[in-house]
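Chain IDs A, B, C and D follow the sequence of writing; residue 1 opens each chain.
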Amino acid sequence: MHSFIHSVCALFLLFLLCQPAQAGDNPDADRQAVVLAAFGTTVPKALPGILNIRDRLQRQYPQTPVKIAFTSNIIRRIWQGRRGDAAFITANPSVPADVYTVQGPLATIANLQDQGYRTIIVQPGHISAGEEYLDLVAAIDGLNSIRTIKPKFRPFEKLAVGRPAMGTAGEQHPYSEDLALIARALADDAVQAEKANAALLYMAHGNTYMPSGSAYLEFASIMNRLYPQVKTYIALVEGYPSLDDTLPLLEHAGVSKLLLKPFMTVAGDHTVNDMAGDEPEAWKSILSAKGYEVMTVAKGLGEIDAFADVYLHHLQQTATDHGIVLH
Amino acid sequence: MHSFIHSVCALFLLFLLCQPAQAGDNPDADRQAVVLAAFGTTVPKALPGILNIRDRLQRQYPQTPVKIAFTSNIIRRIWQGRRGDAAFITANPSVPADVYTVQGPLATIANLQDQGYRTIIVQPGHISAGEEYLDLVAAIDGLNSIRTIKPKFRPFEKLAVGRPAMGTAGEQHPYSEDLALIARALADDAVQAEKANAALLYMAHGNTYMPSGSAYLEFASIMNRLYPQVKTYIALVEGYPSLDDTLPLLEHAGVSKLLLKPFMTVAGDHTVNDMAGDEPEAWKSILSAKGYEVMTVAKGLGEIDAFADVYLHHLQQTATDHGIVLH
Amino acid sequence: MHSFIHSVCALFLLFLLCQPAQAGDNPDADRQAVVLAAFGTTVPKALPGILNIRDRLQRQYPQTPVKIAFTSNIIRRIWQGRRGDAAFITANPSVPADVYTVQGPLATIANLQDQGYRTIIVQPGHISAGEEYLDLVAAIDGLNSIRTIKPKFRPFEKLAVGRPAMGTAGEQHPYSEDLALIARALADDAVQAEKANAALLYMAHGNTYMPSGSAYLEFASIMNRLYPQVKTYIALVEGYPSLDDTLPLLEHAGVSKLLLKPFMTVAGDHTVNDMAGDEPEAWKSILSAKGYEVMTVAKGLGEIDAFADVYLHHLQQTATDHGIVLH
Amino acid sequence: MHSFIHSVCALFLLFLLCQPAQAGDNPDADRQAVVLAAFGTTVPKALPGILNIRDRLQRQYPQTPVKIAFTSNIIRRIWQGRRGDAAFITANPSVPADVYTVQGPLATIANLQDQGYRTIIVQPGHISAGEEYLDLVAAIDGLNSIRTIKPKFRPFEKLAVGRPAMGTAGEQHPYSEDLALIARALADDAVQAEKANAALLYMAHGNTYMPSGSAYLEFASIMNRLYPQVKTYIALVEGYPSLDDTLPLLEHAGVSKLLLKPFMTVAGDHTVNDMAGDEPEAWKSILSAKGYEVMTVAKGLGEIDAFADVYLHHLQQTATDHGIVLH
C-alpha cells in the first residue's frame, strides 16, 4: 500500500511539474468560461450528442474554455469508476479524457472560479425546463446569493445560466419562439418521414412528478403547422402524455407507418433500450405488435448541427442579456 | 506544443489508471469530510501553523478526510504558480503536495461533494469573526440555500460551518467563553513573559473597514485577569487599536521589556516583516526606538497544540450541534 | 383640510379605543393563522368563489384566523379605490368588509406576524402551479430565508405554503393524485353534461409565457377515463392549447352540444366576458357561430363545496408536513 | 358581543368612507417612502429621541412619507396594549397616533409596498451595527431575494437599507468616518463637560453575545483626540467594556467629577433606571458610592439635532448609492 501511495505521489509531483502555472499568468484578468451542463450518458457512442454541442460552442468562441458537466450523479459515478478501468479505456478510444473526469455543475463551476474564471455562463444541455434544469438554476441561484463584505471578493463577477432548448418561463425570450426554433432545426425529420410516407413519433423524457407534457405537445402542434404533409406526435417515457395516451390518436388518424426518434440530446439508454430495444416493453415492440411498421433512428438531437446550434443561440442571448462578450 | 499536449495526455491517462475508483465503491454511503479553511500563507516555514491544526483534527477523526482550503485568492495563486516551479519544489521538501494544489473553500467543498461527501463541516482556521470568516459563512449559506425538486438530490446532506477561534455572535456558544478558552491555551505565553520579567504584547491582524478590536481587547482583559502577574496588551496591524493607540498604555504602565508575539495562526508575512522585521516601520524597530527591550517569538498560534485544539473543540461542538458523528 | 384631518384623527382615536388589545393578552403564545391567497376578483357576485373556500377552511379550524389575500395588484387597487366609494358600498351589501381592505400576501403575512402570529400556513387559492403560485412561493421563500443572530427573534416559527388545487412538482404529493381528486370533486359536471347529452368544455386560464397546458390536458384525460360517458375538453385563455387548438378535436369527435364552464375558482371577468359574453370573440359566440349548441354555467369552482374542499385537503397535508396542528 | 361587533363594523365602514382612495389615484407612479426603524421605547417622554429624527428626515423630503417602525417586539406589544387604554391615551396627549399603531420593519415595509410604494429606503435608527441592525438587514435581504417570473411583478423596485449612526463594515463608507461625524456632532457634550470641569462618561448599550465594544472605544478615542481638554470614556450596559472594566481607568486618570450621558438615541428605560436611577445598581449610584461627583443628563442622542442629522446624512448617501432621488 505504501509503495502504491509513493508511486502515486511521485506521479503527482511529475504532474505538478508538467502543469502550466495557468492562473498565475495574469491574475487580474477577468477570465470567462462556459459550462455545458448536460444530464450525461454512460453510453460511449451516445456521447457525440453532448460533445457535438460542446464542439460547436467551442468553435464559436475559441478563446473561451467550454467545459462539460454532467448533472446526473449516477452517470458521473459510473465514469468515475471507469477511470481506473484499463480495459474500458482501451476499448473506447473515442471517449475524450474530460469525460472520465467530468464533474457536476457545482464542482465544475467552483473549479473554474478557483482558477480565476469569475465570469461564467452555464448553458444547460437539457431539452426542457424540467426538474434537472430547475435544480441547476437553484444551484446557480445559491452561488449567486453569496455576498461578501468587500464587493471585489465576491466569488463571481457574473454567473449566468442559459435556458434549455425548449426555453423557460418568462417574457424576455418567449418559450414558444424557442419551440419554433427547434421545429425549424428538425426540418430533416419531417423530410425523412415524408419520404417514407410515415408519421413522425418522438420519444421525449418527461417526469412523473411534474407536469411537463405541455411544451412537448405544443412543439408537436408547431411541427404539424410547419410541416402539414407529415403527422407529428410526441410521447413521454415518464408522465403525461405516455405512449398509451398517444396510441388512440395514432389509430384515430389512420397512421400505419412510423418514424420513431428520440427527442433527447443523446441517444443513450432510453433510445437503445426503451425506444428501439427488442424487449416487449420497448416502444418499437409495442408499436410493431399493434401492427405499425416502425423505423427507428438512434441519433441524439445534439448530433444534429442545426439542433446543437439552438444551444449556441441561447448561449449568445444569455451572454447579451448579461452584458458578457464571449471571444 | 502538440507533442507537449500529447505527453500531458499520456501522463493523464496514466494518472487515470492509477486512481482508485473512489466514490464508485459504495455510492450510497453518506460520506463525511472536514474542511479546514484558513487564510493561508506563502511562507513555507509558516505552514505548520495550519498543518498542525489539520493534523490534530485528522488524528482525532482518522476515518474522516480533513482537507485544507485557503481563503486568500492571492496566496492560492502564488501556490498555483509554484506547481510548475521545479526549483521551488526541490528547495522546499517539507511542503506537502496538498499545499501546491490547495483551493478556496468553494472549490474544496464542491469537489468533496462531487466525490460523494454530502456531509461536510467547514472549520474556519481564522482567529476572529472578521471579514474572512463572514465571507466564508456567506459562501456556505449560499450553498445551503440550494433546494431541489426532490429532496434527495440536494447537494448536501449537512453542510455546517464552525466558528473561528475567538467565537462568533450568538447565545449558543458565547464568544466570551471562547476567549477564556484561548487565554487558558496560551498560559505558556504568560509564563514565558513572567520569566523574562516582560509585558506581553500580541500583534493581531484587525481590519480597517470593520470594527474588530473589541474581542481582542476583551481577550487581553481576560489574560490580565487570569495571569495578573503579567501585563498583556494587544494591538492590530489594521484598525483600532493600532500600535500607536497602545504605546501610551505601555508608557503609562511603566513597561520596559516586551515579549512580542503574533496573535495569528501562522507566523507568516506579518510576523516576519511587520512584527519582527528590521525595517523602521516594523513593530520591533518602533518599540526598540522608543527604548523598549523587545523579544520576538515568530511562532504561529496554530503551532501551539493547546491553541490548535481550540479549533478541535469548536469542530466537535459544531458536529454535535448538527447531529453529525465524526469518526 | 385641517378640519378633515382633525375629524379623521378623532375617528382614529375612537377606533383605537374600540380595539381589543389583541396581541397583548398573551404575548408568549405561539399564535397560528392561515392565509388564503387567491388571485382575486373585482366582480362582487364572483366573490363567493373565494369566500366559500375561506368559510370552509374557517369552519374546519374555528380557532384559527383565516385571512384572505389577493395576489393581483390591479384587483387590490380597485378594491382600495372602492373603500371611499359610498355608492358602491351601499349598492353591494354582500361584500364583506375584509374584501375592501384586502392586501397582498406579503402584507397579509407581515401584519399577522406583527400581531404575534408566528406560525402561518399560506394556502394558495390558485388552480395550477403557474406564475402566480410560483411568485407566491418566491415571496414565502424570501421571508423564510430571514435568519437572526438569536434564533428566538426569527420572524416566523413556521411559515409554510400549501399547493394549488392541481398540485405542484415533487414526489411527496404527486400532482396526478391531486388531478384525480379534482376530477372526483367535479362529478356533477359530468352528470350535468350527460343529462344534456353534451360534451363538457372547460375554460382554464393558462399563461402565454410558461407552458402550462399539460396539467389541464392530463386532467381532461382523467375526466374522460373517470366519466367515459361524457367527452371532456379543456382549453386556455392564454397559451397552448387555445380554443383554436381545441376546435379540430371537437369537430373530429362529432360533438354538437357543449356545456361550457370556467375552470377557475371564481366566475369573474373571464367567465362573464371572455367565456359567456356576447362579443364575437367570446367563446360562446365563437362556438355558436361554428354551429354548436352552447350552454354556459357561470359558477366559479370555489363555489362548489367538493372543489373548495380540495384546498382544505391540501391545507391539512401542509399542516401535517410541517408538524402544525390547527384548531 | 354581537352588538359590539356590529358597532365596530359600522365604525369600520365609516372609516372606509373617510379614507381617500390613496393608491388608486395613480397606480403606475413609482412611489417612494422612507422607514425609520428604531429599537423603540415605552417611555412617552423619551419618544422625541426617535420623533426628532423622523421629523428632520421628513422636513428634508416633504413629499416622501417617513414612517417609523420599532424593531423591539416587546415594545411594540406594549404600545399595542395601550391602544385600547383610554386613561393612558388621555394622560399622554403628546404621543402621536402613529406610535400607538407602530409596527415592526417587516409589516411597515410590507404595508407600504401594498399601498404602491415600491422604492423604499429603510434607515436604521440604531446607534451601532449590532444585533438589531444585523437582524434588520437580514429581513431586508430576505425581501430583496424575492424573484418573480416577470420582473415587473417583483415586490420592490428598490429596497435599500442605510447604516446605523456608527456605520457598518465595508470600504464604501468607512465606519471610522462615521465615528468622526458623530464626535463632531457631539461637540456640545465636550463643551458642557469642560465647563463643569468633569470627565465625560457615556453609557452605551452593547451586547453580551457579540463583541461590540470596539467601535465605542474607537469613538471615545476620537473624542479624546478631537476634544483633548476633556477626558471621554464609554462603557456598556451589556458586554465588554462594562462599567467595572472602566472604573480602573477613571481612577487611574484621577477623575473626580463625571458628566454621565446616555449614548443611545432615546433616553428611555436604560437612562431612567440603569443610568440615572436611585437603585444601588444604577451607574449614578455606583459612581457616587465610589466618591465621584456625578451629573446626569437624561437626553437621548436623537433629540440633539446635529446627531439626528447623522441619520439624515446616512440616508442621503444610501439614496445616492442606489440611484434614488428623494423629494
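What we mean here is this: contacts are C-beta pairs under 8 Å (C-beta built on N, C-alpha and C of every residue); 3 or more make two chains touch, one makes a residue touch a chain.
Note that the structure is a prediction, hence the values are computed from the model and not measured.
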item	value
Relative to chain B, chain with the most remote C-alpha centre	C
Pair joined by more contacting C-beta pairs (A-B or A-D)	A-B
Inter-centroid spacing, chain C versus chain A (mean Cα positions, whole Å)	37
Chain centre separation in whole Å, for chain B relative to chain A (CA means)	41
Chain A-chain D separation of Cα centroids, rounded to whole Å	54
Two or more partner chains touched - positions in chain C	131, 134, 145, 149-150, 169-171, 209-210
Chain D-facing residues of chain C, complex	7-9, 11-24, 27, 73-74, 76-78, 80-86, 89, 97, 100-101, 103-104, 106-107, 109-111, 113-116, 131, 134-135, 138-139, 141-150, 153, 155, 209-210
Residues of chain A defined as touching chain D within the complex	145, 149-150, 169-171
Residues of chain D touching chain B in the complex	129, 131, 134, 166, 168-171, 174-176, 207-215, 217-218, 221, 240-241, 245, 252
